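Handing you a structure now.
We call the chains A, B, C and D, going by the order they appear; numbering starts again at 1 in every chain.
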Amino acid sequence: MNRGIRLFLVAAGLIALPFLTDFAFGRTWVRIIDFALLYSMLALGLNIVVGFAGLLDLGYVAFFAVGAYLYALLASPHFGLHLPFWLLLPLGALVAGLFGILLGAPTLRLRGDYLAIVTLGFGEIIRIFLNNLNAPYDITGGPQGVNLIDPITIGGFSLNHPLSSSFPAVYNYYFLFLAVTILVAFVSSRLQNSRIGRAWVAIREDEIAAEAMGINTRNVKLLAFAMGASFGGLSGTLFAGFEGFVSPESFTLMESIMILCMVVLGGMGHIRGVIFGAILLSILPEALRYVGSLQQAIFGHVYADPSSIRMLLFGISLILVMLFRPAGLWPSPVRRRELAAHDETARHENSSIYDAGH
Amino acid sequence: MPATDLLLVSGISKHFGGLSALTDVSFSIGRGEIYALIGPNGAGKTTLFNVITGIYSPDSGSFCLNGQNMAGRKASAMAKAGIARTFQNIRLFSNMTALENVMVGRHSRTRAGVFGAIFRNASSIREEQQIAARARDLLSYVGISRHEHMLARNLSYGDQRRLEIARALATDPMLLALDEPAAGMNHSDTDSLRILLERIRMDGVTILLIEHDVKLVMGICDRLCVLNFGHKIAEGTPEEVRSNPAVIEAYLGNS
Amino acid sequence: MRNTIKAFILAIAAMLAACAKHSTDSELLIRIGSAAPLTGPQSHLGKDNDNGVRMAADDLNVKGIVIGEKKAKVVILSEDDQADPRTATIVAQKFVDEEVAGVIGHFNSGTSIPASRIYSDAGIPQISPSATATSYTHQGFKTTFRVVTNDNQQGHALAVFATRVAKRIAIIDDSTAYGRGIADRFEQDVKSMGANVVAHEYTNDHATDFTAILTSIKGKQPDLLFYGGMDAQAGPMMRQLRNLGLNVLFLGADGSKSPEFIRLAGGAAEGAYASAPGIPLESMPGGRDFEKRFTAKYGKIQLYSPYSYDATMAMVAAMEKAGSIDPSVYLPYLAKSDYSGVTGKISFDRNGDILKGAVTIFQVKDGNWKAVSTL
Amino acid sequence: MEIFLQQLVNGIVLGSIYALVALGYTLVYGILGLINFAHGDIVMIGAMVTLAVVHFLSGTGLPGPALVGIGVLVAAIVCMALGYLVERIAYRPLRDAPRLAPLITAIGVSILLQNLAMMIWGREYLSFPPLFQSGSFTFSGVSISPIQILILFASGAMMGALSWMVKRTRLGNAMRATAQHPEVATLLGVDSNLIISITFVIGSALAAVAGTMVGAYYGIAHYDMGFMLGLKAFTAAVLGGIGNIEGAMLGGILLGVIESMGAGYLGALTGGVFGSNYQDVFAFFVLILVLVFRPSGLLGEQVGERP
């Protein structure tokens, strides 16, 4: 199909999505999609660190937290500050990026699972600080969190105001989140196909060889941490404005693990795969809420309490997907490209001095 | 003062725990030379190689590239300064294509950053095109451009060796350091390797070579240095070394 | 293969059909949402809340409800919010979509608060049977209510009791919104009442080992140890306290006042104090009967099922009075509630907090919680 | 001083539990290079099964220790079977897959086991009946309970036995060979699949014992208990140098002592600014510090990566 037509169809689909979803499944699902978009940004950010640069980060949610708290503290009655959204969104990315460098720096010499446990530690440290910095001075609100956060306001228009009864607030947020997700995906893809992106992948493939080829692995790794973290920060600021309330409970280790699952399950290093993984894993636990009604419909009786088997089925699906698609559900199409290339290059085979030796 | 020698190694020692791998090794490589390091297994060749390419930092001693002391610098700094290398057990970026592997080699000679990557301004587009063009040239230079889009890990063994050389050349080295490039190659492969090395030298790149294949070494190199138990036991032209009693003893005593 | 696909499509269709709203002309359906964590470490308490709501629905349906002139039936929609603020907003949105008449929940303050914005926007009344964070009802929403005393009310009552029996007080909290909230308030009040706070230590809501902080407290020689947190930690803490030979009075808040606490503490529970909002069940008309019937149906009352029961009852009572299940119609009646439940009188102040919430102090005697005084 | 000694005792007991769980991580990691995220949940299953057996037999009038003995035995068998199954179903097919794939199945297994346990044993916290004589011995103000002594003794004995087995027996040789060069081991006639299965089974048996100890010591069991415990134990294994048995022991005990001391003295050390609420921060901080200076853990092999 023509590229332009395809682009148009995708765009039309994305614009129609909230209306169709609302019509078919209800507004809850628009909200679930909103969250799925936030998770897509997170997964894309983690994908830079884990998927491109191959650095296993188990504390990624910390950067989400940094962005969320930045917005929460600077746009709420907590300190009485109400800074505008257009300032806080880039600031959230920037500050999270700085945190990425700060937390990345001590881990540069570590490999694989050691790196995993240290990043996990950093994630917990950030959460514990957020949870306890309410005394002696109340900075973060402690476990009570920060409430009554300003809704996201663009050009005087608060996204919390429905445009009309058939265009509720969740639609506003959908379009904002969609725009930022597209931006993040675009940046990801541009980075991937650049000198920087190649350096990341080189480090993932073989750090020593990469260093020997003149890549300053320290700087390039820190850049990966910073870029990944800044996506997390973006997502965090949006989350805080959307929810209106943040508390440390939203930034647990389990959350980091879920984001990692999205990246791996979708297809590490493949942008579309990662987004697919994020959407799938945000939707699956919610979809599994309906196993009760499904049983009712099929058997006329609810045999297993949906709240009990919901997470059970989730666990089983993680295992099954990995068993049958170990490279992820939608891995990078590099193999396909490679096969296609075979025919193409066969046509203009090169003779060179090397072959002359034969 | 224009240094006549490209690389001047003086008094390098390196210990691992209690084991001394290199003791006070000195030698020099002139511009445009093909210089070889040989010695029995465990003689310290690879250690010396790793010191020169910045993987290890020496305990004592120094070495100068183009008159500039490089000892103890990081590997990436070595590459930037003009020393590129290959590895004994091939270390390609196996899930990248051949072309991408060579493009990575251009890293230290290019500058586009995050900004350029995202916004693709004119200069970064131009740079990216230059990187690709140069990488293609190098692939054809070593004779594997037909495999440009194949994943490195799917290349044949000989092609992987060639790809590694192309990747190293992509860093525009003054000194190309090859760690047993002929290991595992058959006779005809070795021959074509010899031709390639000659051509690289003719194009102005100095070559440092570790090689087991004594025949290849003796046939190609201008001078060589023999290591045994971390000590330099001989240095000179192939003819000089061949008749050196210490070398004969080291090789015979070993075998 | 084709059969599988066909079966799958049928299943989806059936599911959608099941989700579609049933309505019969003869009977009015009162759909009430019940939200609590049904998985995860707090799920036993969440399920207890849910059971309270279900029991109220069953009682109401047996008794028969008339709204306006129509016969009505209560239907409970339970959702698992996983004690997670984000999931809670999804659940809230789901209830709004399903056009429930009201919501009983959520269990935690951290879930009740973000959900409350959504209920408020939709105009749906929400009564939490267990969220105690003061800020929950202080957001300026007309739709938020709770039937338990808030941290301020309870912390204050606990402080009054503590200063009666002790001078040197040590505090532990579990670093959650609930535990920290009540412990901070308690600390502030006992200090102002002249007691000496010798230590404030912290644990978390997953912890099982408290020996380190207890040992450190032991060195400060307090007369009383106050714990702000849940039964799952309080019980083992009590055991370890006695094993370390630390002979102090133990005082917990409502999160510790459960049969679970006694079971988990083993023999060590004897003599421990804890508070609970409201008036002791046994002194309420119908309280004992409730306890008996609940126990027969669902097992022992954990903590808040009487409150979730009362919350449901009060909500339906307001609908009956208003003669409508339309939230905008019955909301004013709910705000002016005057319902006598099994935990005491349910009426709300202007914020939606329970009015003149009594707090009762209980003590473990012979392996059971016995009320000792109501403040 | 008394308080300090008491904290030390607390820390060592807690630490030997961590160490015992950490052994399971280290064994599997040592042979497969895989973080078995589900190990903590096998510990949980161990505790649950023991508890179920104890409850089942409590009417028979057997003395407490005998009940626990039978319970541990049954739990060990169940956990061994479970460990075997988990390896066969969730890990073995992925041995040549990308490195993170088995990590995700491990997380899946962990979620699965937790929810299964919730369906079987319910959402409530279960209490262990007091099986050992309560009360404690007091030595110059430091109290130690019989169960603490038992934990110290039992975990010490098991670590010793394991260490001996890996270093001195034929099975141990085969395990080490498989860990270092799976292909070479196969050439030498070692059935590496069998050895890996055996490793999982041994690790799971240890998990059953650890689970029982945790349950009996703290008096509670809950389907959610494995996660935090597993995480701490994994941290301990990394601290000591993952893949190294002595490292797991050292790391476990060190982590236990660090946590106890952190909870006990952090407030005093920082003038009350950081109290016991920062206990975990302190523990992770020590871990990070150790790894910054010794990137392979305290006893891990400090191999310079050979190019």
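Operating definition for what follows: a residue touches a chain if its C-beta (ideal position, glycine included) is under 8 Å from a C-beta of that chain, and two chains touch if they have at least 3 such contacts.
All of these numbers come straight from a predicted model, not from anything done at the bench.
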Going only between touching chains, how few steps reach chain D from chain C? 1
Of every pair of chains, which is linked by the largest number of C-beta contacts? A-B
Most remote chain w.r.t. Chain C, using mean C-alpha positions, is B
Centroid check, CA-based, most central chain -> A
Gap in Å, rounded to a whole number, between the CA centres of chain D and chain A: 32
Centroid of chain A to centroid of chain C, CA atoms only: how many Å? 34
Interchain centroid distance [CA atoms averaged], chain A/chain B, Å: 41
Here the gap between chain B and chain C, centre to centre from mean Cα coordinates and rounded to Å, is 71
Residue numbers in chain B touching two or more further chains are 55, 87, 91
Which residue numbers or ranges of chain A touch two or more of the other chains? 131-132, 208, 212, 308, 311
At least two partner chains per residue is the criterion; list those residues in chain C. 38-39, 175, 202
The chain D residues in contact with chain A across the complex are 29, 35, 89-90, 93-94, 97-105, 107-116, 118-119, 231, 234-235, 238, 242, 273, 277-278, 280-281, 284-285, 287-288, 291-292, 295-297, 305, 307
Along chain B, where are the residues that touch chain A in the complex? 53-55, 74-76, 78-80, 84-85, 87, 91-97, 100, 103-110, 112-114, 116-118, 120, 124, 127-128, 131, 140-151, 154, 162, 167-168, 170-171, 188, 191-196, 199
As the complex stands, chain D meets chain C at residues 3, 6-7, 10-11, 13-14, 115, 118, 122-125, 127, 129-130, 134-136, 138, 143, 145, 214, 218-220, 222, 224-225, 227-228, 259-265, 267, 275-277, 279
Chain A - residues contacting chain D, complex: 50, 56, 106, 109-114, 116-118, 120-122, 124-125, 128-129, 131-132, 136, 208, 212, 253, 257, 260-261, 264-265, 268, 304, 308-309, 311-312, 314-319, 322-323, 326-327
How about chain C: which of its residues touch chain A in the complex? 11, 14-15, 17-19, 38-39, 78-80, 83-86, 89-90, 93-94, 96-98, 109-110, 113-114, 117, 121, 133, 135, 139, 175-177, 179-181, 184, 202
